[in-house]
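Letters are used for the chains, namely A, B and C, taken in the order the chains are written, and counting of residues starts over at 1 for each.
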Amino acid sequence: MSSPTRVRAEAGTGPRPAGRLPAAVTWVGLVALGLLLLPVVGLLQRAPWSALPSILGESEVLEALRVSLIVSLAAAAACIVLGLPLALVLARRRLRFPRIVRAVVMLPMVLPPVVAGTALLFALGRRGLVGQRLDSWFGVSLPFTTAGSVVAAAFVALPFFVVTVEAALRQAGDGLDEAAATLGAGAWATMAHVTLPTIRPALAVGTALAWARALGEFGATLTFAGSFPGRTRTLPLETYLALERDPEAAVAISLVLMAVALAVLVTLRDRWMPR
Amino acid sequence: MSKSQNRDFVITKPPVYGLCVARNRASLSSLPGFERSLPSGRQRKIAPWLLRLIRRTMARGTITGRRRRPRAARLAVAAAVVSASMLAAGCGSTAGSRAEDDGVVVMAASSLSDVLEAVFEGRESVTPVFAASSTLVAQLAAGAEADVLITADAATMDRAVAEGSVRGEPVLIATNNLVLATPAGNPGGVTGLADLSRRGLLVGLCAAEVPCGALAQRALGEAGVTPSADTLEPNVRALAAKISLGELDAGLVYATDARTAGLATVGAPELLDHRNGYHMAAIADEPAPEVQTVIDDFTDPGSSGAEALHAHGFGRP
Amino acid sequence: MTVSFDGRVVRPGWKLQVDGLDIGEGVTAVIGANGTGKTTLGRAVAGLDRLASGRLEIAGAVADDPAAGVFVPAHRRRVAMVFQDLRLFGHLRVIDNVAFGLRRAGAGRAGARRQAAALLERVGVDSAAWQRRPAALSGGQRQRVAVARALAPEPEVLIVDEPLASVDSSGRASLRALIDGSPARHTLLITHDPVDVATLAERVVVLDGAAVASRGSAAEVTASPGCEWAASFLGANVVPGRAHGTSVTTGTGLVLTVASEADGPVYVTFPAHAVTLHHDRPGGSARNAWQAELERVDLDGERARVHLAGPLAVRADITRRSADELELRPGLTVWASLKATELTVVT
C-alpha cells in the first residue's frame, strides 16, 4: 500500500476514490437490468418472424389494434383534460389533508386492475352508484362500450400523468408564476404562457406514460368493459384469447405492443427527458 | 355480496412462458413452435422450481388463496425466493424434483372451483389450481407442473393428450349443461334463447376459445339463434359475476355456475341437448399412489368426490 | 404621490408590522439584517403577499385593505419586481422575456419586440444575446435582462430585491446607473450594500425585528439608525475615487492605497471602526494617513463617533476612553489612518 493511500485511509475516506460505487451495487444493478431485459429476450426468441406479417394481418388483430389505438389515445386525452387541473390543484393549492388526497390519486397504481374494474362497475355500472343515474336519466350505460374501455383505461392511467406533472410543478415552484403576475399576467395568462410551457417536458412524459399504461391495460378493461371484437377487445385482451388458441399469435401481438412502447420511450428520452 | 361472488372476479393468469421454461413430466417439444426454444443444461435444472414458485404464488393469490393463511406472508416469501434465485444466477442451482410440500397438484376448470374446494377442504396434501381449461392446457404445454388435470370438455383434454402433456387415461367424471341465466328478477324480461338476438338487451357469452363459449356457439347455432353479444368473456365465472351484478341482462353459463352465483334461469330446452363432459386424467402414466387416491375419489361410483359433484348440480357421467 | 403602507403581513410563525410608512418618489432603500422582512415588504407592495390587517395605498388608490375587502391582485398593480433570484422565463428568448409584460398589456408581438429591443439596448445587453435563452447568458447579463423586463411595462413602482447579489463587480456600476435612471416613479431598493445606499437612496427605511426601526434621509437615518445592525451598516464610509492598480485617487486628490487592483471609477468603503486617530503622524504598516479637521464628536455609550471634514469626509468610531485620552474637540486637527486591508474597493 502506497503512502498516499494510507493517508487517505487515516483521513477516514477509505481507500476507494470518492464517488465510485461499491462493486456489489454495480453487480446487483446489472442483475436487475437483466431481470428487465430477459422477458424481452424471451419474447424475441419465441417470435414467429416469418409468420409475423400474416398473423398481424389477421382481421381480429387489426381490429384489436384499431380499438387499442382509439381507446388508448382517448384515455391519454382524458388524462390531460382531467389530470392537468388535478395536478395543478395538488401542486399549488393548500389542501386540507394532502397526504390522504395524494394517496387517493395514487390508488389506481397499486390497486389490482381487476379490482379497479370491479370498483368501476360498482360506481359506473348499470346498477352502480352513479351509473344507475346515468342510465335512468340519460340512458347512458358505460359497461360493454368503447367509452367504457376508455373510462377504465383512463382510470388506471391517470395517476401516471398526475404524479409526473405534479412533481414537475413542485420542482418548478411558483416563483415564475409570481414574476408573471408582477408583469401584468392574470391567472389564465400565467398558466398558458408560463406555468405550462415551463413544465412542457413533464407534460410530454406524463402523457406518454399514461398512454403507454392505457395501451397495456387489461384487467380493468376486461372487468368493466368486457371483451367484444371491434368494440372493447383491445390488443391485450386479444393477446389473452390468442394464448388460448394460438400462442404464436399472442407472441406476435405482444411484439407489436412492445415495439410501440419502446419506440415511444426512446423518442421521449431523446427529446424530453433530462440527460 | 356473497363470498363466492367476490371470488368470481378473479381473472386467471395467462400461461407462464417463463424465463427458464422446462418441464419434466411431458415433452415440451411436442408443441409446435416451442421446440427451438427448449432450454438446456443449467437452465433446465432450475426451471421447475422457479415455475413452481410462480405458479404457487399465482394459485395462492387467486382462487385457492383463502385455503391457506396467512397468504401475505407466503406471497412475500415466494416473491423473496423468486428474486433471490434470480439474483443468484438468473437461473441456476439445484436439480429440481417436485417438492413434497406441494402435495398433489390438481389443475381444474374454473367451473369446478366450488365443488373441489369443498372436497379438498382440510386436505393440506392437495393443492387445486383453477383456470379456464384451455389456459390450463397451455400452461401444461409450457412446462407448468401438476399431477392431475380436469378439463371442462373433451376437446381440451384431447389437446392435452395430443400434446403429450397428459399421459394418464382420461375418464369422464361429470357432465354439465348451459342454462340461460339472468340476474335475479330477470329485469330484461328474457323468455327464451331467441331473446339473445334482441337488440337493446345486454348479452354476455363465453369467448369461443374456452369450452363454455364453444358449447354456447354450438347450441346457439343449432337453435338458429344469432346472438347480439355485448361481451365475450374469457371465463365462465367472470360472465356469471357480471350477470349477477345486473350489468348483463342475460348470458349462457353452466348450470352449476348459475346456481353458485344465485342467478335466475329461464327455460331453454334446446340447451339440454348440449352437455359438456368433465374429464380427469393423471399427468403421469404411472401416477404416485397418493395421486391415484385423489383420482379414484372421483372416478369410483359412490365415492365422496363423485357425490360432491352431484350435490353441486353436476350431472352423473 | 406616495406608496403608503400601514399594516401587518402575517406568515406562518412570523409577521411584519409596518406603521404609517410613506414611500415618496425616487429611490427608497430598504435595509435591515436577514430575516427582518425586507423582501416581505416588497412582496406586499407588489401584491404577492396579502396584508393580514391595515391598508396599502399606491398612488392614492387602495391596493390592499382586508377590512374593506379590497385586494388588487399583483397583475392589476403597476408594480414590477426584480427578484433576487431573477426568475427569468427559461422557455422564452431574452427578447420575449422583456416583451412579456408589454404583450400582457396588449401590445402586438412585433411592437412588443421592438420596444423590448430598445430597452435591452439601453440596459446594455449585447444584441447577440437577444435571441438566446436566459440560461445561455452570464450572471450580469441576466441581471440586466431582469431589470429590463421589469421596466418594460412602465411600472409606477419598481421593487429591486438585492440587485447586486448575483453580479460580478464590473456590472454593478452600470446596474446602479440603471436603477438611478429608472423611469418608475417609486423605486424600492432592497439592499445589503452600503454603496447602494450612499449613491442611490434618497430615503432609507431600516427594518429590525419585523418592524420599521428608522426612516428618513440617509443622513437622518445614519444619525438615528434605530438598531445595532443599521448603525454599523450605515457607519460604513463610502468614498468615490478613481483607481489605478492598488491606488485610488479621491476627489480631493488624496491617494489611498488598497489591497486589490482595479482601474477606473470605484468606490472605496470601510467601516467607521477601521479609522484610527492620532495626534502625530502615524508610522507602522498603515500607509493611508492624512490630516483632517475634526468636525464633531457624538458620544453614544462607550462609543464615540467622530466626524471628520476634508480631505475625506469620513466617520470614525473609537472608544470613549480613546476619545478622552486624545482630548478630541471640534476644530482640532488630527491624523487619521487606515490599513489597506480594511478597504473594500467596489467598482
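Basically, contacts are C-beta pairs under 8 Å (C-beta built on N, C-alpha and C of every residue); 3 or more make two chains touch, one makes a residue touch a chain.
Here the structure is a predicted model, which means the values were calculated and not measured.
S.K.: Give the fewest steps needed to get from chain A to chain B, where each step moves from one chain to a chain it touches.
M.R.: 1
S.K.: Using CA atoms only, can you tell me which chain is the most central one in this structure?
M.R.: Per-chain C-alpha centroids compared to the overall one single out A.
S.K.: When the centre of a chain is set as the mean of its C-alpha atoms, what distance in Å lies between chain A and chain B?
M.R.: 31
S.K.: Need the CA-centroid distance for the pair chain B / chain C, whole Å please.
M.R.: That pair's centroid distance is 81 Å.
S.K.: Would you mind pulling out the distance in Å between where the CA atoms of chain A average out and where those of chain C do?
M.R.: Here chain A and chain C have centroids separated by 51 Å.
S.K.: Going by the contact rule set out above, which residues of chain C touch chain A in the complex?
M.R.: Residues in contact with chain A: 46-48, 73-77, 79-81, 83, 85, 87-92, 100-101, 104-105, 149-150, 152-153.
S.K.: Hey, which residues of chain A end up touching chain C in the complex?
M.R.: It comes out as residues 175-176, 178-186, 189-190, 193-194, 197-198, 200.
S.K.: Residues of chain A touching chain B in their complex?
M.R.: Against chain B, the touching part of chain A is residues 28, 31, 34-35, 38-39, 42, 45-46, 48, 114-115, 117-118, 121, 125-127, 141, 143-144, 219, 222-223, 225-229, 231-233, 237, 239-241, 243-245, 247-248, 250.
S.K.: How about chain B: which of its residues touch chain A in the complex?
M.R.: Per the touch definition, chain B meets chain A at residues 9-11, 14-15, 17-19, 31, 33-34, 37, 86-87, 90, 132, 134-135, 138, 202, 204, 207, 209-210, 229-234, 238, 242, 245-248.
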